[in-house]
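Labels for the chains are A, B, C and D, by order of writing; each one numbers its residues from 1.
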Amino acid sequence: MVRATSTPRPRLGVVKLASCDGCQLMLLNLEDALLSVAERIDIVEFPEATSHRSSGPYDVVLVEGAVSTPEQLETIHAVRREAKVLVTIGACATAGGIQAMRNWANHDAFRAAVYAHPEYVESLATAQPVSDYVKVDGELRGCPINGDQLLEFVTALLTGRRANLPDEAVCAACKRAGRVCVMVSQGIPCLGPVTMTGCGALCPGFDRGCYGCFGPREQANAASLGRQFVAMGEAPAEAGRLFAGFTGYAPPFRDVITEFGGAPGVPAGHAPSPASTGTPSGGK
Amino acid sequence: MTSSAVTTVIAEPRSGTGFLPRAEFQHLIDLLAEDGRTVIGPTVSDGAIVYGEVRAVTDLPVGVGAEQSPGRYRLVDHHDARYFAYAVGPTSWKRFVFPPTLELAQSHRDEQGHVSFGPVRHEIPKMAFLGVRACELAALGIEDRVLLGGPYTDEDFRRRRDNALIVAVQCAEPGGTCFCTSMGTGPGVRGGHDVLLVELADGFLVSSGSEEGAAIVARLGLADATADQVVEGSDQLVAARDRIGDPVVTAGLHDRLLAKLDSPRWAEIAERCLACTNCTAACPTCFCTSVSQRSDLDGHTAVTERRWDFCFTKGFSAVALGGNFRPRVQDRYRQWLTHKFATWIDQFGTSGCVGCGRCITWCPVGIDVREELNLIAPPPVLGTEAQAAAARAPRTSVFHVDAVRPETHDTVTLTLSTPDGMDWSRLHGEFVMVSAPAIGSIPISISRRLPTGMELTVRAVGPASTFVTGLERGAEVGLSAPLGHGWPVEAAHDHDVVIVGGGMGFPPLRPVVDEILAHRASFGDVHVYHGARTPGDLLYKEELAAWASRGDLEVGVTVDRADATWLGRVGVVTQLFDHARWDGTKAIAFVCGPERMIQATVSTLAARGITQDRIFISMERHMECGVGLCGHCQMGPFFVCKDGPVFSLAQLGDVFGREGI
Amino acid sequence: MTTEAPTFERSFRVEGITRVEGEGSLHLTVRDGEVTDARLRIFEAPRYFEQLVVGRHPDQVLDIVARICGICPEAYQMSAAGAFEAIFGVTVDPQVRALRRLLYAGEYIESHALHVYLLHAPDFLGYASAIDLAKDHRTVVEQGLALKKVGNELMAVVGGRSIHPVNVRVGGLYHVPSRDELLAMRPALVTALEQAKATLDFVAQFQAPPFERPVRLVSLRHPDEYPLFAGRLVSHDGTIDVPIGDWRTVFREEHHEGSNALHARTHAGETYQLGPSARVTIAAQQLHPVAGEALARTGLADQIARNPFWSIAARGVELVHYCAEAIDIIDAYRRPAAPFVPWTPKAGAAGWGSEAPRGTCWHHWETDERGYVTRAQIVPPTSQNQGQIEADLRGFAPSVLELEHAEATRRLEQLIRSYDPCISCATHFLDVTIDRS
Amino acid sequence: MPETEGSTARTEHDAEFVALLNATWFGANLPPEAQVRLVGLARRYQAPAGTTLLTEGQLANEIGIVLSGRVSLRTLVPEQGWVTILTVEPGDIFGQSALVPPYRSTSTVVALQPVDVLALDGPGLRAALAADHDLAAVLYPRVLQALARRLNATRLQMLDLFAR
């Protein structure tokens, strides 16, 4: 009676770019649901978990990691061609991740400081979110992504509805949970007011400030919060550095870092705008 | 200082009041617990005085207070033995009578498409609230009006309220952000409590405010307080009042605030405002909620969960296809402030603010409403009319899909019937909430009333509407009510009638045409105008032709664009009648469509002589609950779902067409 | 394709090694029955962590280094925390230190259960993945998932979440759980302990390829506890025994001619093996009695020291150990008065190590007078194991040459997986040599 | 201006034309002198459905006042074919480009139904408006009103309100 109950199992791929593997591990961390999910979804590409390989086509592909090498650039375009729905998972794929903090610095200097033979290291001048290069159909935020949100995404995929992924501030979840604001009651700088919820307001529950791993929420007034941190006694570059974490390259945070300072490898107060590779091959 | 316009009658302890020595306070806690009550009161946790379970005196904030200022809260040590020497902290009693998340219902859809809905009834523990302040009693009273005072009621809230015994404690240490004096709610307790305590240096004055409270006081077996002790208590209250002063000039605030909807200050506040929702979460009267569905992997079993929501988030006022009526933070701040201090009065006969100061203390960037109100404008005399109404909770019934008729490529008309034999055609209301397990609920206007049910015309724009348009004959779906206020067709008796429906705004008007045709002689000339995007988007084409051929009503149809095969009219819907020859001074108009189309239409109608009180329009807003309890569809002083969606233009006043309202 | 060539040359290529964390490939050339080239290539993108941390506050650094690896974030947090605490002269409260061990125990249980059941067991049982394995042996995989879940839950209780926990700071933790919160974990751990014992018995019955070779095993050793984030750095043959901070006196990161990779070797250029086999061998005396008994029951102690494939049994032993130790920690727990010890920043430098599930993760940190980082060196376990992996591949490959190509390739991958290589951790461990011939 | 078969049936009776003008929104209630001037420039024609009355880009020599029937204003859009932008109903005008340089039609005008049109000669009307300020003072507001209505309607159509 109701349409679309017996469609074939969707083909899912998991693809990794520059990342720590933690977000795809979250798929394996769905312990209670993992085998049920595997019965309903055809996991055709997931090298961390299975030796079966497929280069597509995919109904849905989950992309972890930032685009930071020429090879990854080729990969992401190839994956986009093969994927009906491309979903970025985690802070690296959605915002560039921690490695995007190098985008303010001189890439060659960075490379030379870490590698004895920088000439052998192939990497792009910047590490950027996937959406800077190809069209992205959906995203799961977080460093790492949240298991409940991942399961909700899968459930929505299987039941044909929109995933219920609120874009409100961490504060909303924090207050529903009955936590006391660490910023107001203890003077601890907290990115919760400008950060998207999804973690369950984890850090304030552990007596520390949110460090923004789900990235800016909609219309994040990061500049006002940065000014408040300074008013609370932080030096401007320190205030900027609080934003220069796992999602610091996402625009409203990026602007605060550029304005206040705090990017690695850049003297305080001298932060230029981050480098951008533009959109070399077709763009979004 | 204390120049509040309201003369307050303070429930001060009178002689005969008992005295409970400090050393015996545990006795009171034990008495409450003996009755099977969970005692909830102040306790120190995570750097603040919050409300949590209190089993012993040692759980209380003994000798602890707090300094409060905009955006700042710090515990301080008083170096004394007092238990209640603090101003209200981050928690409010709202959490215990109106939980942050609440399972509302469970629904099920089996392989054959049969659906069922079952409300969840929660076990409510017996509670005692210890340490309730005057401002908090006022807040509970406001919540009573909002959640129990309308045609629909929140029964879970009612049961929690009924299960909570209130032990109030007179305020002695107001905080740096308090302004109850201005809002006329404190610092003195004025009723609503069961037991009242006044904390003195070596013990408590104890009196009762209800029979239940009197019984508890009697069981304590106290000696009478001395006159000196009573004086010590009242001196304390006077001192508290003096410390707060009267920071907000509230006389005329309602009108002054609403006159400043275009103040540049709103944009300046938005420069600072983080829209983080802390003010609304901390507020003891904010009551907005959203519902969402959680389901199993196959979508067969789903749980509907309600959670606190906040008018500061963008999604709160979002409607289908990315539309949003309050797109900017300044719109949302204005909505919150004007609702709290002005339109709340229009809706509920009381201000929505009790002056507890939580929104000031707990704002991370320290925005101070006292300052903002005085900058933008000033306030009110409290209305006190309580609206008694029969308790009514919206119910979800299962309907069968009897027929599915495609209207256009993305729009279908479903014929629904209910097996319970109720004559739905006689129930008032303009729309229904259609629920699909695991998908969610959406409001859909009734496009025809039938004795056994109704027709719904639905366009597939999002997952829920796509689900509804995808229902096939024989499927089952959940429906709530008919809800809202519909078109006042009876008001058009003996008048000419002009009906203008644009796009998906036409289906809600079809029942109006049905009603008129059923009693054709009761109406004058009738004009029906329908505009659509393209010829392919026109609705009810055969019916329109049939109506036109009757000869007793004018039917005009136009489209915004067409190819060369279309021989009908092309142009906006207003062109159908801007040179019409009918006389608007004898007409009543019913208009529905996108808001911008309604604006163009009403100005054309006005030019034809139809006055504002005779133009009725239907408004679109984000609807979540459909019965005026969730707060999403707030528009000026109205909830669109409950007070509308049909309004007269005169009723809306300058709320209509205003940006970001 | 090469069968008609005058010399018999076979090439094994695995372009993307699966069921490892991160991305790597194997290229092995065999000529006339002799391995002429064995190269494990890492194509993990460079992420420049050692530069990203410069100019940062140590507490921020602990959050950042966790992101080197989503599988073993605690290894990076604990190594860095140990180094900073050494520089600033901080002694962590004993109860808080126990909580850190409990958090790390959760990571071991999670990581080892993941590796044993989801990554490595399919090799021994002939499946492409645990999902395929579950089709025939669902209860086995469910047991593995249940164990893994307990590890994750333990990390969530102590650290906030299982991947990138949020609770570690210099001087201790941000927040200490209540005794009730920990006690709530106890029943699950008691069950997990039984499952861990069953896991060891289960894997002990596997057939490991007969591949024994002399090797130098290296790990931390502490007289009073199973090695985790304290003790001395030692080898099983007694040739190495230095303070934890003195890694550089024994080892160096070497630019290896011909592979252009930074591999860690001894100063004499020798390879060595880190990880569960090394720890179980070196710290057998410090194993929890329950784990010691379980190991003895298998009779595999000698095999574990010599045959890399038996690392799966060593993981089983450590699963038993950490389930048992976690229960002990919880039983002895009293909530400390303060979650952390305040510290005074100063300029200084220190090396420190901790035992990641896959081997010693060694760090060296330098700070300025504000305590901010001026320089960092991070040596992940896999970059230290890489030399030994390649040596083992050379030694093992001849024994599989008679097998059908796909099967031979699978065996080679199984050997690599025995080291549980965590390629994502390649902070600066990058083999860029590409054999294009 | 269409040279349609049998399309010209010009009457000699000015009074009849004045009556026709008065029946339209555009021409009603003009001063008698103005009506006489217009009638002197007018002809009347009928055309069957499908007739092209004006072609986009070509000179617009007449302003048409629709007496009955419906005409469409169309434009050719690549890949979409002919798109009808607006229909003109009895009483309203088309071909007002005849008053605005360069006097070329901005759309193609096609009769959707058999139409009856009162047409005013473009060059003649321009000359009359230039010479007779009284005529200009009463006629231009009507033209402006027609243009303003069309502009407003076009703006609403552009918003594509019903797409949401």
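In this text, contacts are C-beta pairs under 8 Å (C-beta built on N, C-alpha and C of every residue); 3 or more make two chains touch, one makes a residue touch a chain.
Since the model is a prediction, treat every value here as computed from it, not as a measurement.
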item: Each chain counted as touching chain A and chain D at once; value: B
item: Distance-to-centre winner among chains (Cα means, whole assembly as reference); value: A
item: Computed distance of Cα centres, chain C from chain A, in Å; value: 26
item: Centre distance in Å when chain A and chain B are each reduced to the mean of their C-alpha atoms; value: 35
item: Euclidean distance of C-alpha centroids - chain C vs chain D, Å; value: 86
item: Distance from the mean Cα position of chain D to that of chain B, given in whole angstrom; value: 54
item: Arrangement of touching chains [line / ring / star / complete / other]; value: line
item: Listing of all chain pairs that touch each other, if any do; value: A-B, A-C, B-D
item: Residues of chain C that touch chain A when the two form their complex; value: 16-23, 43-57, 60, 63-64, 67-71, 73, 114, 118-119, 122, 128-132, 134, 138, 141-142, 145-146, 148-149, 152, 160-164, 166-167, 169, 174-175, 255, 260, 262, 339, 413, 424, 427-428, 430, 432
item: Chain B-touching residues of chain D, taken from the complex the two chains share; value: 25, 49, 70, 72, 74, 80-87, 89, 91-92, 110, 112-113, 149, 152-153, 156-157, 159-164
item: In the complex with chain D, residue positions of chain B that touch it; value: 320-321, 323, 502-504, 531-533, 537, 558, 560-564, 566-572, 574-575, 578-579, 593-594, 596-597, 600
item: Complex interface listing, chain B residues touching chain A; value: 45-48, 50, 71-75, 89-91, 95, 100-101, 109, 111-113, 270-278, 281-282, 292-299, 307-310, 313-315, 329, 361-366, 438-440, 462-464, 467, 470-472, 474-476
item: In the complex, chain A residues that touch chain C; value: 16-23, 25-26, 28-29, 31-32, 34-35, 38, 43, 47-53, 65, 68-69, 71-72, 97-99, 101-102, 105, 110-111, 113-117, 120-123, 127, 143-144, 199, 202-203, 205-208, 211, 213, 238, 241, 245-246, 264-265
